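What follows is a set of structures to go through.
Two complexes, one shared chain (chain A), two partners (chain B, chain C).
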Partner chain A sequence: MAEPRVIPQVIVVGAGPAGVRAAEALVQAGLRPVVIDEGRRDGGQIYRRQPEGFKRPYAALYGSEAARAKALHDSFEALRGRIDYRAETLAWSLWENELHVASGDRVEALRFDALIVASGATDRLMPTQGWHRAGVYSLGAAQIALKAQATAIGRRVVFLGTGPLLYLVAAQYHKAGATVAAVLDSSPLSLRLKALPKLLARPEVLVKGLGLVARLRLAGIPLRTGVTPVEIAGVRVDGVAGVTDRDRGGDLHTIDCDAVGMGYHLRPETQLADLARCEFRFDAETRQWLPAIDEDGRSSIEGVYLAGDGARLLGADGAEAAGHLAALALLSDAGHGGLEAEMARLRLTLLQMDRFRRGLAAAFPWPAEAARALPDEAVVCRCETITAGTLRQGVAELGACELNRSKALTRVGMGRCQGRYCGHAAAEVVAAAAGLPLEAVGRLRGQAPVKPLIIAADSADTEAAA
Partner chain B sequence: MTSYAADALVIGGGIMGASAAFFLRQRGRSVILIERGLVGQQASGVNFGNVRRQGRFLPQLPLANRSRAIWGKLLELLGEDAEFLKTGHIRFCYNEQQLGALERYAKDARDYGLELELISRNALRMRFPFVGPEPIAGSFSPEDGHANPRLATPAFGRAAVRAGAQLFENTEIVSIAKVGEDFEAIAADGRRFRSPVALITAGAWGGILSQQFGEPVPIVARGPQMAVTEPLPYRITPVIGVCTTVEEEVIYMRQVERGNVVFGGGRRGPAYADIKRAYVVPTNTLAQVKQVRRLVPALANARVIRTWSGVESYLPDDIPIMGPSARVSGLYYAFGFCGHGFQLGPGVGDVMAELIDRGATSTPIEPFHIQRFTAADHAA
Partner chain C sequence: MGGRFVRLGETERRDLSFTIDGHPARVLVGDTLLVALLTQVGHLRQSEFGDGARAGFCLMGACQDCWVWSETGERLRACTTPVESGMAILTSAPEDRWPSLG
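Presenting the complex of A and B:
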């Protein structure tokens, strides 16, 4: 056995499936990584743990994924004491070999030799006229309300968008006793059939998905595919009142509701990779910019590894494998030996999952054409209330055909979310208006802080000195 | 390859170049404006947005005054105001020594037509209830204010084009030389631009061009460290600055009407002219927030939502290069504004247009002549 040359100081960002499995592999190799996580508890979004004092059993919280959730939580419990775990801590910036973290108003710079970013994903959103109204939530937020607080986003909810999460959250709401008024999927069924060969890469997941759809149908919940969302109607004071869509035949339907859960699959949280100056590449299949990684999770920057949904959307199982593999790649790069067989096995697993990921991308495509059809008065950037018309005017009158230029001249993406939720749609609107391919309009560059940083921020040393 | 000609060639589409092109058109001169990226994308677009005169190098005040007059007429000149607001500018100080400096400056500035009001400790809190307990006095400049740097330079660029200037964006000049009576600039793709007059307004890239005419300057690129908070109720009207000799204490901030508080100051960050990038060092942001809450304690619970930087250019004596070349007739410079060029921009454009059109300007700019760096070469 080759002796490790150095014991690197490693920071893992994220305590979801990828982060936990990465930390576990590092601990097994004799390291004591720092694990930074924004959450109050481990588990990430998918295996989010309920607050202390809540008593729902695993089966109720995680359904068919209960065993996996429990396994991950148990693994994390076993790591406690062997890692430097920082919960409720935001990695807000990065400079050279220091990760800048904030917990409340306490800030610290943590030195690292290597960094594993397992920052997860958030909902990918395509605006619909009226989506800025109170009562519209992302699918992820709708699910968090249920998982964390056993709360529904409304009494009568329409789920709108596309992707597996659409059906999962609808089924979870139905099971929890909320009225699911309808599930409206922008993807036509034909694409799902076409993507079947790729989806068969993970037959057990496919069966679970079909099971969800069957359960919703059995419950008499209207499920329609190939719809074009037209408007989320409502008034300023009461918020959402209904959803109007156009079916494939061109007929309009309006469904009354008091809340909408919407989302079009997910998008990786890539700000830290951006601040680490990792190279990004345009992914034509999913129409978005992703940080470049090799098959093991190495980014273009030495010592920076990216794993899980924050790099490639392989789902929770894929994230566990990717987190594990990224940690082994890091160890291997640091001189640890005897890892090759395990790495080869993980690569094969990921290859299969990536085939499935591509199947999902083909079955539930990002509805790029909806951006072109968005009415001028529809809000694209909710933080700054920037409409599609303003972006188009920016292209036509100000020559703002590149996304950062559009941001500078129209304020799109300048608010609290820093374009994380509107950036993809804004790029589509600008590209369509400018008559350019999407990759030509670029992407919003990530700027610190990763999430808002309080002005009261201070380091422990300053306070001690004062 | 295509060739273009005009009365004047302006290289660099920042606020100096864009406004010079605009004012040259106002004087009836045909103009070519060349920009390697997009108009107003570098230092002109990323700075703090200060339209401040007080605290400037005194001999620069006539130029600043001329520029201030233009800021007040933007709507009339350009058809848009770039969010210019005459809010006043307040400069606080923390000790008696700096109060002395404020008093001296106010006395001296009066000779240049800048009237400043010194405000004592108690009056300060009556006038500006947001200010924390530490400042002991302030100097208020009622006619100063702020504007939106993201909008101002593109607005000058568009107005210049509407007035007939030829604008070439995404055009990098790889060489410039005087060929006979004309300057000839050649772009990376081979396009040629000819003119009897050349004005270099290329900011951090200006030194590369001046060097081609045998006038190298010790210019360095640095990046301002800017930040902005989430929108808050609009309570801080004036632009705020601090009079201090301690670098860490330097902080400037302004609240825009929609509520965000923009701030900067302290140490500058690294900037790279070759890759057109500048970065914010996180420790600089942390040092700034300390000074922000020291001045305005009520901001402690507000949040910073974005930081940014950009490529600015600095010279060892902290004043720009502006005026005719010392060696080549028909060649003019206006670059290297050391982080304080935004307020001056429109005035610089106006003065350079006057200088090119008339051969002289009524505004004194001698201290900024490039000869201060190249005189030794001349003697040799």
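Presenting the complex of A and C:
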């Protein structure tokens, strides 16, 4: 057994389930990691804490996950004095062994020997004509409005998309007293039955999911599967007025509403892994590029570990295990011994969760064909209102068959969100127009800053010297 | 239209006042600027590409759709900024600083 070397400087990016469990394992090994958190408080998105002064109890906020949320928050509280916690701080770039962070208008470069990126995920979006209108939100947004602010995104809300979050958020809205006008799922029920063997890898989660659907049905909320979203209608000033979809029989239905919560499962936030030059691989099952990691969370770059939904979409429980395991891998690589039994146990847990993940991916597939069917006038990039027609024109007239080329020529993915919400759909539109397999059109490269910085951002070093 | 967001609870908090396009509004301490605005009005800003009103999208600081202007010329990301007493917010960009299409 090798002796531990000099205590390494470790940075953990993210303070959600993966980041907190990673930091905890590092602290237990005698390290004092820096923990970078964009949030005001720990918990990440899934276990996001409500602001000071809000009084809802854990059970009301986190439902069946209340105990897990409380355990994670308590663990973090116990770590507070033993880590260098930087809240409201953005890790905006990475160059060699320095992570560049910004907090308000101050920027700083932090050196690291090893880095654990637990950057989480956002909603994965497939555009529907009219999705740029005021009143359309991601499913995650709808949930944050409720959990963090005790508000609903509208008076009559349609939930549209696919995946477990679709039903979870709809059920949470109904329970909190909001009006859910309909739940429209693009995935047919038949796929759920086919995916059942894999979904049985986590029977307790499956039962919770079925319970959500049953509660929505019991409440009399219209709930349809296998739909094709057609249009989110509305006007320029007031925004959303209704959702039109086509059912499997080909009939059109329009539901009046003043808000839409939409999303098609999640996509990992991979910009930092990209800037660290980690290798990416195309995942044919979910039709997206993911950073390559080994079973413990090691990326292709030495000293860079990836954990949680930012690397593999295993949900909150999976993220806790992945964060823990990545930290143990880091420690093991740094010469710490005696970790093998715990690592083996975590690998088994993750294997089971990965089987369930694949079940979800099969049950609630990314509706790639919807991109092909988008009318030319539909907005793909909400930030700069780049339409499907413009992307197709880029392919046909300018030969922009590679996504970064399309970005350069059409500006798709160049706007405010930097391609987070249009990138996957744009790739599908370009691939379909070019007649290429999706993996052949590539992926939008991550660019620094990974999110906008305040222009007046000033270096802490410069300030100290002045 | 009036407000877009609907409060479902947590209404026992203290209130505070700020202005939206010069009109005074009372909201609750602990509201994000986004929620403070959208419980009063239907939008946060006008798209600079001429396609109409915008009211945010992700609420988690990822999409940048919810940036608003203050009367003093600051730009604020409404979903991650807590509302403060006395803030003076504009829901359209001052044209002399930020030209828009449409």
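To be clear about the criterion, the second predicted complex is superposed on the first by the 463 of 466 C-alpha atoms of A that agree within 3 Å, B and C clash if a C-alpha of one lies under 4 Å from a C-alpha of the other, contacts with A are read in each partner's own complex, and residues count from 1 in each chain.
As a working rule, a contact is a pair of C-beta atoms (placed from the backbone, for glycine too) under 8 Å apart; a residue touches a chain by one contact, two chains touch by 3 or more.
Bear in mind that the values here come from a model prediction, so they are computed numbers and not experimental data.
J.: Is A:Gln447 in contact with chain B, with chain C, with both, or with neither (first, second, both, neither)?
T.: The answer is first: A:Gln447 touches chain B but not chain C.
J.: Taking the superposition on A as described, I'd like to know which of chain B and chain C A:Gly81 touches: first, second, both or neither.
T.: neither
J.: Under the stated touch criterion, which partner chain does A:Arg416 make contact with: chain B (first), chain C (second), both, or neither?
T.: both
J.: Could you tell me if A:Gly220 is touching chain B, chain C, both of them or neither one (first, second, both, neither)?
T.: In the superposed model, A:Gly220 contacts neither chain B nor chain C.
J.: Return the chain, chain B or chain C, that is in touch with more residues of chain A.
T.: Chain A has more residues touched by C than by the other partner.
J.: Is A:Pro57 in contact with chain B, with chain C, with both, or with neither (first, second, both, neither)?
T.: neither
J.: Counting only touches as set out at the top, which of chain B and chain C does A:Gly435 meet: first, second, both, neither?
T.: neither
J.: Touching chain B and also chain C: which chain A residues?
T.: 416, 452
J.: Under the stated contact criterion, what part of chain B meets chain A in this complex?
T.: 38, 41, 45, 150-151, 154, 158, 229-230, 280-283, 285-286, 289-290, 292-293, 299-308
J.: Spell out the part of chain A that touches chain B in their complex, as residue ranges.
T.: Of all residues in chain A, those touching chain B are 92-95, 98, 100, 107, 109, 398-399, 402, 405, 408-409, 414-416, 418, 447-449, 452-459, 462.
J.: Which chain C residues qualify as touching chain A in the complex?
T.: For this pair, the touching residues of chain C are 1, 4-14, 29-32, 35, 38-39, 42-43, 47, 49-65, 67, 80, 82.
J.: Write out the stretch or stretches of chain A touching chain C in their complex.
T.: 38, 40, 45, 50-56, 122-123, 132-138, 140-141, 144-146, 148-155, 176-178, 235-239, 258-259, 269, 379, 382-385, 416-417, 420-421, 451-452
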